[in-house]
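Structure, as structure tokens:
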Amino acid sequence: MIALEVASSVLLLAGSLFAVTGGIGLLRFPDFYTRTHAAGLMDSAGAVLILLGLLLLAPDLGSGVRLLLIAAFLLITGPTATHALAHAARNDGVRVWAERVDKKR
Amino acid sequence: MTATHYTYWIIFALMMIGLYAVMSHGNLVKKLIGLNIFQVAVFMFFISLGRVDGGSPPIITEGIEVYSHPLPHVLILTAIVVGVATTSVGVAIAIRIYEAYGTVEEDNALARDAAEEAAE
Amino acid sequence: MSSLDLAEAVLLGILLVTALAITRARSLFVAAMLGGLFSLVTASLFVLLDAVDVAFTEAAVGAGISTVLFITALALTNSQEATTPRRRVIPAGLVAVLATAGLIYASFDLPGVGDPDSPVQTHPITDTYLRESQQDLHVPNTVTGVLASYRGYDTLGEVVVIFTAGIGVLLLMLGPRRPADEARDRAYLQAEYRVLRVVSKTLMPFILLFALYVLLHGEYGPGGGFQAGVIFGAGFILYTLMFGLAAVQRVLPMRTLVVLVAVGVLIYAGVGVATMALGGGFLDYNEFNPGNPSGGQVAGILLIEVGVGITVAAVMVAMFYSLIRRGVRR
Amino acid sequence: MLSAALVAILVAMVLALARAVIGRHLYDRILAINVFGTKTVLFIAVVGFLTGRPDFLDVALVYALINFVSTVAVLRLSHYREAM
């Protein structure tokens, strides 16, 4: 039992770390595409680690299955949404940070 | 007990921010968005009235004795869906106004009405 | 201060910031999107306030359907707001500040949030809904029990309001339509949204399955007809966005939707008439199974929830269709 | 440990909100709101465990679903004029 709790704590902490660093990245990164990277990390890695941490604490089958469903759903939709956003932004002419730097020179 | 009142205060502030948006903005869609904020704040006020310390969601389970009051939940649950239905009527009217006047700004539409009346 | 109290304070702070940002945003597109965020936060607050059913509905309606409605409206009108003249800002701001002060002053007469001795908690009806309902109805989710049985008349009224609003939107949006060019639309969508299309198509059956689960599970957990209807609607909205109006109309044409809008209300009212025909009062579900009243109650609640779900889903999808196919006439 | 995760999620929410309000570009805002939605999903799940009633994970599932639908809708409808 204690082993389970320790494992879940480790997963939760790792997920929390991803969530916070991803948040900082989302705020501080210089352009849209790098921010997608931060957002993608916290959406998939952060979320799934926290959900797995919760899974180890799940008291019954029902909540375990639901947690797995949520994780699967997030794993499918998160990257899809990020991809679609980046694709649309590129088509719309949102420039990459490096390109802007080049222009200035 | 005053420590618990701050929830109400923030809810009231939210209501009034919504009201401010309705009163000060001339754009009809913005007014609808403001009305939505007002409406959601009222919902929160109702729900916070039904809450009880140490309570649990009102889904009866063995081993839990204290539940929050289900009646506000029922009223607000239906009100949310009714709210979106009425909002969409507002949205539809705003679209018709745009088609008729070429603008959703209240001032411009009224000015056009006045100009047409003067021309008659 | 427990972490849950902290969470409540932080969420309320986020709400204030978001609301202010919404009023300040000049781009209505941004305002509508922040409105969606506002709804997500309120829905989280509802969970903290022990109102899971309400949170369920607010998330589906506020963050989903309303945002979609506003953004569609902006696509059909203007997405930039004119600057607000000073003569409107000052009086409105003054009224808002004074009214907030007045309300805060009045709030000292209210019982504190969560006070177990407040009139709401000590009123005898609380006990009726929470304890006696378990003998009368055998429905663990008291919200569903009160919604569909104790306050069945009220809910019928609400469904009729939704029905009326749906019809109103359909009538307002009669008229010019966008010229349909299915082949061009399909080519555009295939080129632009290939990944999203595949994912949406894969998710679609699960969304509809989940909506059914929410509908049928409403007596035991958070859920019910209103929530299920909105999730159905959201599924079809997703499909319309990714595959075009022509494709989705082959599965669910507008004509069928208009019929379904009425069918839901008729099922609800029909249950009431049926109980009267069986010798009871309007919506007195005990008559369905006189030997076992709580069995009758469960059957009655399920039937009217199905009616509610059909009307809500049909109204949501019909409203979306009629907005999205609207021709722009200038 | 659940409390720590909750606090981390709240911090991430505040950071995402800041990005959504600052924006700069429309896509930044959509991205931030999408991230915010994912965080609310986690928030609900963690709160369920903290209050000892994890049987309400259905709510978190709805959030995940609606978050996706509204992100797609905003993305799609910002290009409404091109096709429908």
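The first chain written gets the first letter, and so on, giving A, B, C and D; residue counts start at 1 in each chain.
Please note the rule applied: a residue touches a chain if its C-beta (ideal position, glycine included) is under 8 Å from a C-beta of that chain, and two chains touch if they have at least 3 such contacts.
Bear in mind that the values here come from a model prediction, so they are computed numbers and not experimental data.
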Counting C-beta pairs in contact, pick out the pair of chains that comes out on top. B-C
Expressed in whole Å, how far the mean CA point of chain C lies from that of chain D is 18
Measuring from the mean C-alpha position of chain B to the mean C-alpha position of chain C, what distance in angstrom results? 13
Report, in whole Å, the distance between the mean C-alpha point of chain A and the mean C-alpha point of chain C. 28
At least two other chains touched by the same residue of chain D: list those residues. 2, 7, 13-14, 30, 48, 51, 55-56, 58, 61, 65, 67-68, 72, 78-79
Multi-chain contacts in chain B, i.e. residues touching at least two other chains, fall at 56-57, 61
What positions in chain A touch 2 or more of the other chains? 77, 80, 84, 88
Complete list of chain pairs which touch one another: A-C, A-D, B-C, B-D, C-D
Across the complex, what residues on chain D touch chain C? 2-3, 6-7, 10, 13-14, 17, 20-21, 23, 26, 29-30, 33, 36-37, 40, 43-44, 47-48, 50-51, 55-56, 58-59, 61-63, 65-70, 72-74, 76-84
If you look only at chain D, which of its residues touch chain A in the complex? 1-2, 4-5, 7-9, 11-16, 18-19, 25, 27-28, 30-32, 34-35, 38-39, 41-42, 45-46, 48-49, 54-55, 57-58, 60-61, 64-65, 67-68, 71-72, 75, 78-79
Can you check the complex and tell me which residues of chain D touch chain B? 51, 53, 55-56
Residues of chain B that touch chain C when the two form their complex: 1-10, 12-21, 23-27, 29-30, 32-34, 36-37, 40, 43-44, 47-61, 66-74, 76-89, 91-96, 98-99, 102-105, 107-108
Chain C residues touching chain B - in the complex, by the definition given at the top: 8-9, 12-13, 15-16, 19-20, 22-23, 28, 31-32, 35, 38-39, 42, 45-46, 49-54, 57-58, 61-62, 65-66, 69-70, 72-74, 76-78, 81-82, 84-85, 88-89, 91-93, 95-97, 99-100, 103-104, 107-108, 110-116, 118, 120-121, 125-126, 129-130, 134, 140-143, 145-147, 151, 154-155, 158, 161-162, 165-166, 168-169, 172-173, 220-222, 224, 226, 229-230, 312, 315-316, 319, 322-323, 326, 328-330
